[in-house]
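In order of appearance the chains are A, B and C, and numbering begins at 1 in each one.
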Amino acid sequence: MNASVTEDLGTSSVTEFDVRDPDRSTQVKGFEGTIGENTLDNPKISTRNVNISYGEKQAIFDASLDIGRNEVIAMIGPSGCGKSTYLRALNRMNDTIVGCRVTGDLTIDGEPIYAHNMDPVLLRARVGMVFQKPNPFPKSIYDNIAYGPRIHGLTRTNAELDEVVVTSLQRAGLFEEVKDRLDAPGTGLSGGQQQRLCIARTIAVSPEVILMDEPCSALDPIATAIIEELIDELRANYTIVIVTHSMQQAARVSQRTAYFHLGKLIEVGETNQIFTNPRHELTENYITGKFG
Amino acid sequence: MQTTTLVIVIAGLSLISYYTGRTRAQAYRLDGRLLALPNQYGYLTAMWSALPAIILLLAWLAFEPGYLNDQVIANLPAAAQQLPTEELALLVNNVLLAVGNGGLSPDPVIEDAAAAYLAAREQSRMLVTGLILLLCLSGIIFSLTRYLTRLHARKRVETVIRWFLMLCSGVAIVTTVGIVLSVLFEAIRFFESVPILDFMFGTTWSPQTAIRADQVGSSGSFGAIPLFAGTMLISLIAMTIAVPVGLLTAIYLAEYASPRFRSAAKPTLEILAGIPTVVYGFFAALTVAPFIRDLGTSLGLSVASESALAAGIVMGVMIIPFVSSLSDDVITAVPQAMRDGSLALGATQSETIKQVIIPAALPGIVGGVLLAASRAIGETMIVVMAAGLAARLTANPLDAVTTVTVQIVTLLTGDQEFDSPKTLAAFALGLMLFVSTLLLNVVALHIVRKYREQYE
Amino acid sequence: MNNTEIVKQSLKRRYAREKRFQLYGRCAVLVGFVFLALLLTDIVVKALPAFSVTEIRLDVDVSREALELPVEGRLDRDAIIAVNFGGVIKKSLREAFPDVTKRKQKRELYRLVSSGAEFALQAMLVNNPDLIGDQPLRIWFKADDDVDTLYKLDTRTSRISDLQLGIIEQLRASDSIRTVFNTTLFTASDSREPEQAGIRGALLGSFWTLLVTLIVSLPVGIAAAIYLEEFAPKNRITDFIEININNLAAVPSIVFGLLGLAVFINFFGMPRSAPLVGGLVLALMTLPTIIISSRAAIKSVPPSIKEAALGVGASHMQVVFHHTLPLAMPGILTGSIIGMAQALGETAPLLMIGMVAFIVDVPGGIFDSATVLPVQIYLWSDSPERAFTALTAATILVLLGFLVVMNAIAIYLRRRFERRW
């Protein structure tokens, strides 16, 4: 990447770009709508004209993005640009935040996510989430994994439940490490193991989509590598949306990448293309390390 | 009055001392040879004047009554001095009454003793006044010497203040030691006349039989098991109400209620915690107990008019805010990440609460419940007013039972002669109460502290 | 069946459980509210009768002959005081109801007015000797408490006889019976007769006791907090002090009473029943509260301010007394007021040190025998007379009133001086 291209970002004149956002405090210079392939045929999740605000403060402006089946899509962007906000809107985790309002058309398999008849419990069983900091429950490893199947009544017998736990642990690549101490507390594992435990916990309810909000930010490179490998394997069965601050990680695990900036979805495209040939100046500034 | 005058004298002389010290220091400052500001020297000399005098005054206040008592006894006729302790105390009391009357009494013996008392008092007052004047004045004289200006006044003053602060924080230890010693000593004296095992494991409690002079302590029944059982029964009833209601209240306010409802409901419930227990006792004895008795009668049950149930229920309500505010603290301390993790798996809110938050908060909640239990055991007024006096060994909540605290109050109020096993028994019960609540508190505080550290 | 279907099927049941759980929570909150409401209404309803008192009008013959005073000459005070006013009142009762002739009936008649009536008449005539003369006086006398209960509450106690009932009817017919505001409640001290009992003594007893508590616990508490927060080295002793303070805060109050009895009264020989001892015991009891809240207040003063002061060359002690303490003062005062409110409502330890005695005099200082408001409540609640129940409830209202005021001040202080650093 040629760093000099973006040298004059600060001075790029306003006249060159149409400032469409009336709210000057959040205006993004040069934003005229998302660049790139943001719509797909038969998407798993489709979002159109999504606006999200926390009380008075708007965090996402008019974002439209489709998420395909069995793909890994990465969300990147500077801190505070609204990646987590957008991600949490997909399984209605925002419902728990007082004052958070989501508008726009969001659908999963064509069913509106925010419709009255869409049950958040059911939705979250279908769209799982892994968080930035590993958050195992203060229970045994076994009970951590069994928690989801138990509350949803997914298994009939203990044997079935055992099987779900074992396969989930296996798919999360944790089974070998913990098979002798399934009764030990989940909080006693290392950070990387805890995060895989959380992934296994999510897999145990067999969701259709997994949302991951910076799943590796608390982990060392080795643990990160294991999880990245895991994501790659999971792609066969799940749709995965991953927020990350690491460009390399996005490049390694995702097929498509979306770039957010100050609450706006700037550019979407094949990961390769975004990283080698960004079409928007802001995207380029970001991935070349000009800011962020 | 005498004391007030002395305090004023000390204050006045210290003020003078302050001014002389400061003036003296100011004079030296003109030569530029001073280590601290002049008013610091004023503080220093004022301390020289006041501190020894105040210490003397306090010591005198503490020991004068005892000293005068001894003087009175020493001046009584030899025959009177041989009297048993109780009668002697009565006699001394009469002397004190005569003193209050201006030394007049129909009984010449008492009148003589009163005169001796008055003389001794006069003497001790003169002595103390003289000493105090001397100490204050010596402070002033000291402030006038050259020696003063060679000191670093501020550092000296600060050292004294520091010692004062340290002593004040030691009051907590002194209090604990005082409690332990006072309860322990009297309890040991009690166990000299009543074997400790009879007390701990005896099943009949009727101290009244030991009241008469011709009976010795050991012939009264001091088996405390019925009291322990009664205490447990009432506390158990109270906890059965307070724990679920308090916990559910905390959960509802922390997890479900809107911020507005929460901010209105919490202080309202805290009113319950601010109401004096004597008010609860009144309500229990005059409203709840008759209501329960009538209700029971209408259902064909026989309910004692001072049923354990009435006292227990009211005590339970009294403890609700205690449980709920402690639980609220620990529940809100559970990290949001736990809730998010559970909700993201598709759990409902109640499933999250029941299966993730409560287990996570459990140590803290247990600690709170133990503290609440120690409260229930030590609660006095509700049971004194609403529970019975008769020691009965029963598990029926509709019966009247008595508790440790009720018996302490009954034994120590009313006509009491000190040193009788009856009064000493109160201290033995106090010892049991102190030890059991202390254990509960230590364990509870330990659990709560460990819990806090876990999420810090 | 795929997972979505299974989850969907379970939803109805799970939401029902969710609803039920929420309902339990609501009920729990409601239990607290309902009990509070019941308690307060019950007390207010019970207290209301205590604020009024029944009076009976009598025509009293106050001629010198009737009073058996010398017919001629100036009347000196002692002579008036020595008059048998009880007899005078009985006579006017007999004259008002001439048909009552039997001995037993007469006694019932006399019991209609309060036994304090003769003292009221005495005081009236001693203060205004000019009233003595041939002109009979129409005076409203306080009725006996059973009459009071009957007239005010329409409740006949067992001590009201048929004869008395009839007489009261006659009085009612001739407008000779009325109720007025009960000033005695606030001007008198304890008494065996409910209509003559008031809370003045207990009020002053509480005042003196709290005064001692405040004078002892506030300086000691603040000093201890300063030491522990600012100067104490981190060592075993400091830890031990901390554990001690936390434990003392949870020791049952009655144990402090035992301490007071054993140490202050038996060892130091301080007077029983005196506000001095009560105040000291309560001071020891409130000390942990004051220390804990003062420490929190001191801790909340930002280090930047202390560092700034240290930076200009102030000594540690000067920083504490010139900067930290003034800034922490609102917090300290809030905690202290709450501690004082606790002390004001405390009963049990005071029973141990003899503040339960029946005391008719108003205490004039910290060495006099006294009782306090909560103990007065305890004493009266035990009395069999119905009228005492009302007095008890009224005293509770007064006590709660004081507590409300104290807590309101604490809340105001907290709001007013709440600082965001």
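As a convention for this text, a residue touches a chain if its C-beta (ideal position, glycine included) is under 8 Å from a C-beta of that chain, and two chains touch if they have at least 3 such contacts.
Only a predicted model underlies this, so the values are computations on that prediction, with no experimental measurement involved.
Among the chains, the centre nearest to the mean of all shown protein C-alpha atoms is found for B. Chains B-C form the pair with the most C-beta pairs in contact. Chain A and chain C, compared by their mean Cα positions, are separated by 64 Å.
With centres taken as mean Cα positions, chain B sits 59 Å from chain A.
Here the CA centre of chain B is 20 Å from the CA centre of chain C. In chain B, the residues that reach two or more other chains under the touch definition are 346, 348, 351.
Shown for chain C are the residues in touch with two or more other chains, namely 7, 14.
Looking at chain A, one finds that residues 121-122, 125-126, 151-152, 205 touch two or more other chains.
Interface residues of chain C, counted against chain A in their complex, comprise 3-4, 6-8, 10-11, 14. Chain B meets chain C in the complex at residues 62-63, 65-66, 69, 154, 158, 161-162, 164-166, 168-173, 175-176, 178-179, 182-183, 185-186, 244-249, 251-253, 256-257, 265, 268-269, 271-272, 274-283, 285-287, 317, 320-321, 324, 346, 348-351, 353-354, 371, 374-375, 377-381, 384-385, 405, 408-409, 412-413, 418, 426-427, 430, 433-434, 437-438, 441-442, 444-445.
Listed in rising order, the residues of chain C touching chain B in the complex are 7, 14-15, 17-18, 21-22, 24-29, 31-33, 35-36, 39, 42-43, 46, 219-221, 223-224, 226-228, 231-232, 240-241, 243-248, 250-256, 258-259, 261-263, 266-270, 284, 287-288, 291, 315, 317, 341, 344-348, 351-352, 354, 356, 374-375, 377-378, 381-382, 389, 392-393, 396, 399-400, 403, 407. Looking at the complex, you find that chain B touches chain A at residues 259, 335, 337-348, 351, 355-356, 359-360.
The part of chain A that touches chain B in the complex is made up of residues 91, 93, 96, 98, 121-126, 128-129, 131, 133, 135-139, 147-148, 151-152, 198, 201-202, 205.
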